[in-house]
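Each chain carries a letter (A, B, C and D) given by its place in the written order, and its residues are counted from 1.
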Amino acid sequence: MEFFFEVLIGGLLAGVMYALVAIGFVLIYKASGVFNFAQGAMVLFAALTFVSLLERGVPFAWAFLATLASMVVLALLIEKVVLRPLVNRPPIILFMATLGLSYMIEGFAQFLWGAQVHGLDLGIADEPLEIRGMLLSQFDLFAAGTAAALVLALSLLFNKTRVGLSLRAVADDPLAAMAVGIRLPRIWALVWAVAGFVGLVAGLLWGARLGVQFSLSLVVLKALPVLIIGGFSSIGGAIVGGLIIGAAEKIAEIYLGPIIGSGIENWVPYVLALLFLLVRPAGLFGERAIERV
Amino acid sequence: MPHTLPQALLHQAHTRGAATALRYKRLGIWHERRWSELADDIGQLAGALQQRGVGRDDDLLILSQARPEALLLALAAQWLGASVTLLDPDRDNRALLTQLRPRWVLAQDLEAVQQVGECEAVVYLDGRGLNQPQHARLIAYADLCVGASTPACAAHSNDLAIVFHTDTRVQLTHAQLLAGARTLIAREHLGSDEEALAARVFAASGQARYLLTPWLLAGFCLNFPEALSTRDTDRRELGPTLVLGTRESYGRLEEWVRERLPLPGTFSHRVYTWAMQPTPSPVRRWLGHWLVRRPLRDVLGMSRLRAPLLVGPALSPHSAAFFAALGIRPGNWQEPSTRHEPVAPLLSQTV
Amino acid sequence: MHAPTETVLLRLDDISLSFKGIKAITSISFEVKAGDICGLIGPNGAGKSSLLNVINGVYQPQSGSIRYAGQTRRRMRAHQAAEGGIARTFQNIALFKGMSVLDNVLTGRNLKRRSSWLEQILRLGRAPREEDAHRLHAEQVIAFLQIHPWRHVLVGTLPYGLQKRVELARALASEPTLLLLDEPMAGMNAEEKAQMSQFIRDINREYGTTVVLIEHDIGVVMGLCDHVVVLDYGRKIGDGTPQQVRANPEVIAAYLGS
Amino acid sequence: MLYQEVGQISTSYAAERRTFRLRQDRIALWLLLGFAFVAVPWLGNDYWFSAILVPLLVLSLAGLGLNLLTGYAGQLSLGSAAFMAVGAFAAYNLQLRVPGLPLLVSFALGGVIAALVAVFFGLPSLRIKGFYLLVATLAAQFVVEWVLTRFSWFTNDNASGVITSPPLLIAGLDFSSPRGRYLLTLAVVVALFWLGKNLVRSELGRNWMAVRDMDTAAAVIGIRLLKAKLLAFAISGFYLGVAGSLWAFAYLGTVEPHGFDLSRSFQVLFIIIIGGLGSVLGNVLGAAFIVLFPILLGNLFGLLPSGLMDAGQLENIQKMLFGALIITFLIKEPEGLARLWQRFRQRARVWPLRY
């Protein structure tokens, strides 16, 4: 039993990491209805930039700020070059555009900083910590803490600031929002920038976990099932989804792995997500629209 | 040597019964009738008309656009020695009709039927809206000739064949029509291999004189477009060798082209004007022909056009110049058009 | 299609429909006689479209029953409706934008299709003959509604009025027994309206098709319909011949008056 | 423009319906086929056959497979590579375990098995749409890849988990030479394209487009959504499966499950974006683009002084340009190369007029 809980909590903590990536998705989906496949590429870009700056002797804080700045620039570029020309196109087109985008960003990141693997040390000792006889990774706890802080910050941004207000307006009804004089492009740029920031945080944590390398951009594939379970449009959902996926994945790995073989963590989340879909076609928290004809 | 229109028809049925006489586009595809079939149909229709009391010295009034059925029924009436009066269904003929008091009428649709007053029998083509309240005098074209047998052809060469009420009353006998047609055929060298397009108001005397009668005499193929609104696309599909138009219809066609021309200032517009100008240089003529004039004739459906005919007043200088540049010089019926080779590059300028 | 033997083709019994607790239709009952043209009128949001959606199974009512062509059902399923000969046009045109006029009309024939898709792609067996037959029928409908000049044009590129006609053609191609028209003349000028109502009358006469239509132009409705049903806030407030309805004080108060 | 349309009339629906109504188009098609089947085998060299033409053909077939599902039936999918893999491994095992089974038959059966798998993963498509469906197909991608690597039975317990092409013998003829592989691929692809063209012009094709354009209306006129969608998955799966077999046997010769990973799915998706959604010809154009573009780029950089640009960088630049191209296409010409061709053709038909 002890062991089960250990696995479970380990999974939940890992799930937080998924949630981090998923949140970036949700932000953009809420604000611009874009299913942003490039989120993973943004994570990679952020982490790679940050690490390379560190390696070139830039102090941590400055590197962080510089990276953040670059993410904002990236966001502005995307809004101008990609989103604006594609406004009111069918979602599938926008999705495909983000596919292209992710190619561009990945290519660019590696073109700039090279393709070799970088280690990233955030200075958190990763020896397991014993709590009530359960061994938990300090790093995971730290990650969870960061994630919690991030979510708190975001919810403040959304619920307490004017920007947040207009953002929710846009999310609810873009046309109405425009009618009351909210400038969509600015909101989009902002949201992408925030998503970039989330990506940066996720990038640092993931980078510290796996080393900063191309495969980072694949975390996007982990985030998809999370979104399905949580629903595309709910941050809370993203977190819950992340936790569920993380836990399920770990448990499957430990208890199912020995029976049917290793490497199942790649698809277990998807199968899980599918099962969810068949029960709730719009995810746990996503709201379902009535079809008007 | 036929003396009446029905005779001409029978002659064609006899000599080239298997050749295509009539082609009309309906429900999206072209339907064809051979001369022999045509003769049988018309014979039957004549029988049907006879059953309903049509005889010599009678008159069948036709209120219809140029449609094969109208043409067939007209010939059927003439077969019996009766004459045919053609009215334009798009005009308001009420006054005229009250004065004419026709006994037998072919009406294309409900509107036309409503124009007609009391009479022996009205044959209609498009039954829409006519099915429910059945008048005894109303007969659908489709069930006109059930069980009708072909009577002997009773037309004489100086019987009245067609009557028009365009501005003045115009009467034409079989003999007159055939005589006119013969000169036309001779001057235009019309053969049995022509493809003629009948895209005009039926009730125009020119149509009967210079298209329908020559058709019966020379035995070429007469084509009807699906509708007046689609005659341009249909013409392109068909590629007639013989067309009959008025100043207006040629003008309309030129207008149709003008509004679709490349916008001034563009390269293609420069190419177009360059190619359309008459020029002595054979090279330039050749280039212009292949780059612009030939394709343009094709788009107009005129790349096979050999005998463009014009009835009524001459073309406006504008359209005349335009068609001349394409090697198309519509011959007015007083002095028939100069003959044109299909599209031999150099000729198309020199003629 | 000829009207079935029983004179009442469609009967709605006490139909109620609500979305997330919001009532759209409250216990509505009425009959449509075979061969009639029946008009549904009422202010916006009176539940007219919802009612059509219930009749052809796009929406499922919470209570009540539908009797159609001698069969009583708790609810109608979309494909049941289609197979039962109910065709439909929509308020905001629901054509297949990526297809030509002809193809749109041909989709209306899909229920009459017998040959399997394998026969079709291999062009074997009955498939080609069947394709011809359906093409012929589609062409007849196209000719009937006079849209032949646009046969091969993408519907997306046609003007609004024509699109409405194409949608009607698609519905007609399925040889319907009951034709549901949701504002067939919305946004048309007087001339187009006259033409469209002529088409509807002709369809009703020529094919004996029963028609239920929603229309705001009272003049048109009174001229066209044998029978009018008036809705207001999801309730039925009037039902009868145009004259009766025009006389009905409640109707005048609720609708015609305003 | 240079050819005359005049006088080409249809007197029957069959004639009016034919795929290439204009005589000139039919002639051009036959010339093209003649060129591909007769001239190319003599002109081309081994490099062209095995490095350009064969992959081009196979990818256009895969593109058609996905286009049927996404471009015509409107069902988004990222599982293409998985279905290709199923086809390839099924065909391999059929050849291996069913002695004397003709090669083409095992290709076809491989396609059928891929179709079944596709239908299984397409089942959710009734309840879920758009991006949610994407996840279902991604699941296919990962599950299939895992199963094929996990159970060595599929690779006949090959130590390095790869499958190797059986001898390409058809009716005693050996097609193993580059030229032979090209001809084999060409024949299969042409046949399947012909069927595909018929398909999209048939009732089923119309129903698919109806479902794509407006599914409520489609249901209202009596189209069975589930049947239409599942058939789309099945037929798309079949095409992809056959493409997979060709990819494994006619192109690579040896392939491991990871040869059919997610990036392959993306590749196929890009083919149909660039080529044109809802077009048959577009798949060939798109595939040609995808195959030729990197080669072109490679040669271009080959001109640069050596050492200035290493292979890795070249790859990165390729990626960037590719992404950029995708976006440009989506912005400028969402209907892809096929649309450009159509527009040119239309313009040529009415030249010198504008419309």
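Assume contacts are C-beta pairs under 8 Å (C-beta built on N, C-alpha and C of every residue); 3 or more make two chains touch, one makes a residue touch a chain.
Everything quoted here is computed from the prediction, not taken from an experiment.
The chain pair with the larger count of C-beta pairs in contact, out of B-C and A-D, is A-D. Among the remaining chains, the Cα-based centre furthest from that of chain B is the centre of A.
The geometric centre of chain B is 41 Å away from that of chain C, both derived from CA atoms.
Our note on geometry: chain A versus chain B, Cα centroid distance of 74 Å, whole angstroms.
Distance between chain A and chain D, defined via averaged C-alpha coordinates, is recorded as 33 Å.
Taking each chain's centre as the mean of its C-alpha atoms, chain B lies 52 Å from chain D. Listed for chain D are residues 12-13, 216-217, each touching two or more other chains. Multi-chain contact residues of chain A (touching two or more other chains): 293.
Among the residues of chain B, those touching two or more other chains are numbered 28. Residue ranges of chain C in contact with chain D, taken from their complex: 56, 58, 78-79, 81-83, 87-88, 90, 94-99, 103, 106-108, 110-111, 113, 117, 120-123, 127-128, 131-132, 135-136, 170-171, 174.
Per the touch definition, chain D reaches chain B in the complex via residues 1-2, 4-13, 15-16, 349-355. Listed in rising order, the residues of chain A touching chain D in the complex are 35, 81-82, 85-86, 89, 91-93, 95-97, 99-108, 110-111, 114-115, 221, 224-225, 228, 232, 260-261, 263-264, 266-267, 270-271, 273-274, 277-278, 281, 291, 293.
In the complex of the two chains, the chain B residues touching chain C come out as 26-28, 128-129, 131-132, 226-227, 229-230. For chain D in complex with chain C, the residues that touch the partner chain are 12-14, 17, 195, 198-199, 202-204, 206-207, 209-210, 212-214, 216-224, 231, 278.
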